[in-house]
Amino acid sequence: MADVAFQQNRAASAGNVRKRSSLRSALKRKSTAAFLMTLPLILLISLLVIYPAFYSLHLATLNKSMQRFVGLANFQFLFKRETFWLVVEQSCIFAITAVIFKALIGFIVAHFVHNIPAKGQRKWRGMLLVPWVIPPAMSTLAWLWLFDPSYSAFNYTLSFFGIGPIPWTGDAGWARFSVILVNIWYGAPFFMIMYLASLKSVPEQLYEAAAIDGANWWQRIWYVTLPMMRNIIAITTLFSLIVTFANFDIVRVLTSGGPLDRTHIFATWAFRVGIEGGDIPLGASVSLFMFPILAIAAIFILRDINKRGNES
Amino acid sequence: MASTAVIDKAAPTRPVKYGSMSRDRAWALRWSYFFLMLFAIFSLLPPIYMLITSLKSSAEISAATNPWWVLHPTLENYIGLLTSNQFLTFFRNSALVSIFVVTITMLISVPAAFALARMRFWGSATLATGVFLTYLIPDTLLFLPLFKMFAAVGDLTGIQLINRWYVLLIVYPTLTVPFCTWIMIGYFASIPKELDEAAIIDGASWFQTLTRIFIPVALPGLIAATIFAFTVSWAQFLYPMVFTTSTDQLVLPVGIITTLIKGDVFNWGQIMTGALLGAAPPLIIYAFLMDYYIAGLTAGATKG
Amino acid sequence: MADVTLRKVIKRYDDVEAVRGIDLDIADHEFVVLVGPSGCGKSTTLRMIAGLEDITDGDIMIGGDVVNDVPPKDRDIAMVFQNYALYPHMTVAENMSFGLRLKRYPKAEIKTRIDEAARMLDIVELVDRKPKQLSGGQRQRVAMGRAIVRNPKVFLFDEPLSNLDAKLRVQMRIEIKKVHQKVRTTTVYVTHDQVEAMTLADRVVVMNHGRIEQIGTPNDLYHNPATRFVAGFIGSPAMNFVPCRLEDAAGKLHIRLTDRLAFPLPPNRAARYQGVPRNEKLLLGIRPEHITEAKAHPEPGIEAFEVVLDVTEPMGMETLIYFTLEGAQICGRVNPNAGAHDGGPLRLAVDLNNMHLLNEVTGVVL
């Protein structure tokens, strides 16, 4: 008996010693493995996203041949140019108008799809999402052809109603309208899909309870649907605002910024100045103006993530 | 169908007004279909117009007949493009780039997502949030510094990166990996903890847990991420515009726009054919895997 | 097959001690149930035996070997989880054989074992189905099958029946007992349901606040609880507790419940409680089945008294009655024909031969 107890004690103390060391090494092994598994991701992000983001800050302070530090001279130069202020104005008009209409149309269409019998929803959803699936550079070509000055299919159709011909991409005002229209066409399906998913997640009992409480159709949307969808509306709008602000493909293909730089937005003008004009620092300075909107969005999203983290 | 929906909604509230409610519902349904039809026409107009134009000869296009109708359908545009070496090169470049990028993306993001979802380590939570924020940094902010960086790499090491299609294999993952990692974290995190504990007790290593339990169980998420990575790399326009210029290095979207649009001479029949062929691979994938496509689209925001 | 020993096992998460020093010896072939309210540390203890949680201090031995640092797969244990944790992409047969395939057992051997386990659990016709196609009870059987085919030293069950409906739970309880009678593998079973604990266990371990309150056979715990917690936890409806004190009157030891109600203690109880200070605050613990309708012929140790009932609950074979005494709600079990009705008076008898006396402050049964 004494012998057994002694052996147990020894086993116990030996176990303690071994446990301490092997536990630590096991933990170490596990987190080393985890670190190695995330290493490619970390390298990719730091080398090809974070570093260039800061590098563009540095680039913006160089002269055209990138040999001399010029401080804020690039920005001073930009602020004096009329085109720059046009770009700022157009970027804001473009992004805000397009996002508002995308959100509105997405919301309305999502409701229509949600309204019809479940059996047919898949088919309609499938058709309505097509604009989002086609590479935007390709679909914008079709719009360009639809807007063609001499062969425009739209003008052909409108001429039967005695309207037109409309200079879709030739006149500054119409060209601004056209790029926004194409952007809405491309982006509204994304909102539609997000809202539809979120509509489906609203429990049916809530609507039944609201109906029993005597809420009409409009009150049900205002007091049930919208509050339940608030999160998804906010995050989708934020996403879309970033993407639209940073848009390149549509404007580049449809108008290349013309006529007379009236449809340039930050991305297309940065490309024109930096790559086509060969002034990389000035282009970098232009593209940096997309940063504030990004920062604001990041703050909102971080707050949202933290809130969800706290709730769970 | 319509009447059953009516019973669901209206009957419990006001049985007296059953008839009028039902009529309201029927009208609401008719209006829904009417507006859906309008929106569907709006959505499908450009691709349909691509198809119509692609079937016309250049003579018919310049004759300015009814643009919505094909008088003499012809496949000459398709034959012209599909026998042109240049166009086939674009297609090959696009296919190679997309396939490689999808592979690279999955190899990076699946293990990373597994580590971030299951193996807590120092800084893992921050990294997960950081991955999501990276997804928000647009390509249009990074193309100039990246261009300068690659030019500098060429000068320093002699490895020519600019104007080579494979440079896209380096830059495209910056667009695909963060989002794919993010949605895979979501899918992996939704797998119950007991499942990996059962696997551990069954004697599986971490690697076996990933390959034999997590990947098969999260297969829908994996498919969604793959589709996302493919469509993004297939559609990307800015980076190839910036990094490639020689016609033999171009990918499809840039190739069509830079070679088929020559000065003021627009061969619209060929352009629309090229655009339609360029849009075809994502459209075909979408037609067959729509549910995965939509799952991937919504997962990013709802799972976050 | 092996015995399991826990020596002063402690589990600490940051500042919280989930398990505060547990000593437990489980013999070979034994079926031991850890029972307690949620958060009592029973699941953590089981998971430490499985190796899913590191132990902060102490030792765990399986078959005489200290396994503190041994990873779960080398401990030769099998576990059945609360939500079954079946691999959704594998068929039943693949689920059951996964562990064996990882260990590269020969195919023929795997097949024999699956057939044997499937027959034992009556799931032969299900082996090619996916978990999605199974009902809750069938999934439970598969989860057990997965444990059985491994032929481990120890079975660990983590609340395996709590996701099943009441009827199925009773059925699976019997099933588990049958399986244990056949394979005789040492089993540690965690549940919060005291009925499950009583019906399944060779020995029950009652846990509370990370400590073991009492270890014993089901009957032992029922009839001789050591603490107020065990006395109140085991048995349904639960044991009644009434504030009381001891008093000497007419040369006999009495227990006084209220100003008007006091009973003389039967001789064996009187002898046991002789040394208890008379002014100490005590609790009378008495199970509902020892409060019944009064019989015509008084028996020794059974004392009659009058109450006004609050509520009655007819159960068919008996009627549960509730009344209030000194602010405490008391439950009794009477014959359906005893004439009990809501708000009515009833003459009851309390069997003091089966009473317990507890210290009100420490909760220790005297």
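Chains: A, B and C, in written order; residue numbering restarts at 1 for each.
Keep in mind that, in the parts below, a contact is a pair of C-beta atoms (placed from the backbone, for glycine too) under 8 Å apart; a residue touches a chain by one contact, two chains touch by 3 or more.
On a predicted model such as this, the values are computed, not experimentally measured, just so you know.
Distance between Cα centroids is largest for the pairing of subunit B with C. Among all pairs of chains, A-B has the largest number of C-beta pairs in contact. Between the Cα centres of subunit B and subunit C there is a gap of 56 Å. Chain geometry summary: the mean Cα position of subunit A and that of subunit B are 14 Å apart. Multi-chain contact residues of subunit C (touching two or more other chains) are listed as 71. Those residues of subunit A whose C-beta lies close enough to touch subunit B in the complex are 30-31, 33-35, 37-38, 40-42, 44-45, 48-53, 55-56, 59, 66, 105, 108-109, 112-113, 115-117, 119, 122, 124-139, 141-143, 145-146, 148, 150-151, 153, 156-157, 185, 189-190, 193-194, 197-198, 208, 211-212, 232, 235-236, 239, 242-243, 245-249, 252-253, 266-267, 270-271, 274-275, 280, 283-284, 287-288, 290-291, 294, 297-298, 301-302, 304-305, 308.
Residues of subunit C touching subunit B in their complex: 50-52, 71-73, 77-79, 81-83, 85-89, 98-99, 102-103, 146, 150. Remark: subunit B residues 192, 194-195, 197-204, 208, 212-213, 216-217, 219 touch subunit C in the complex.
Residues 1-2, 5, 9, 12-13, 28-29, 32-33, 35-36, 39-40, 42-47, 49-50, 53, 61, 64, 66-68, 107-109, 111-112, 114-116, 119-122, 124, 127, 129-134, 136-149, 170-171, 173-174, 177-178, 181, 206, 231, 234-235, 237-238, 241-242, 253-254, 256-257, 266, 268, 271-272, 275-276, 278-279, 282-283, 286-287, 290, 293-294, 297-298, 301-302, 304 of subunit B touch subunit A in their complex.
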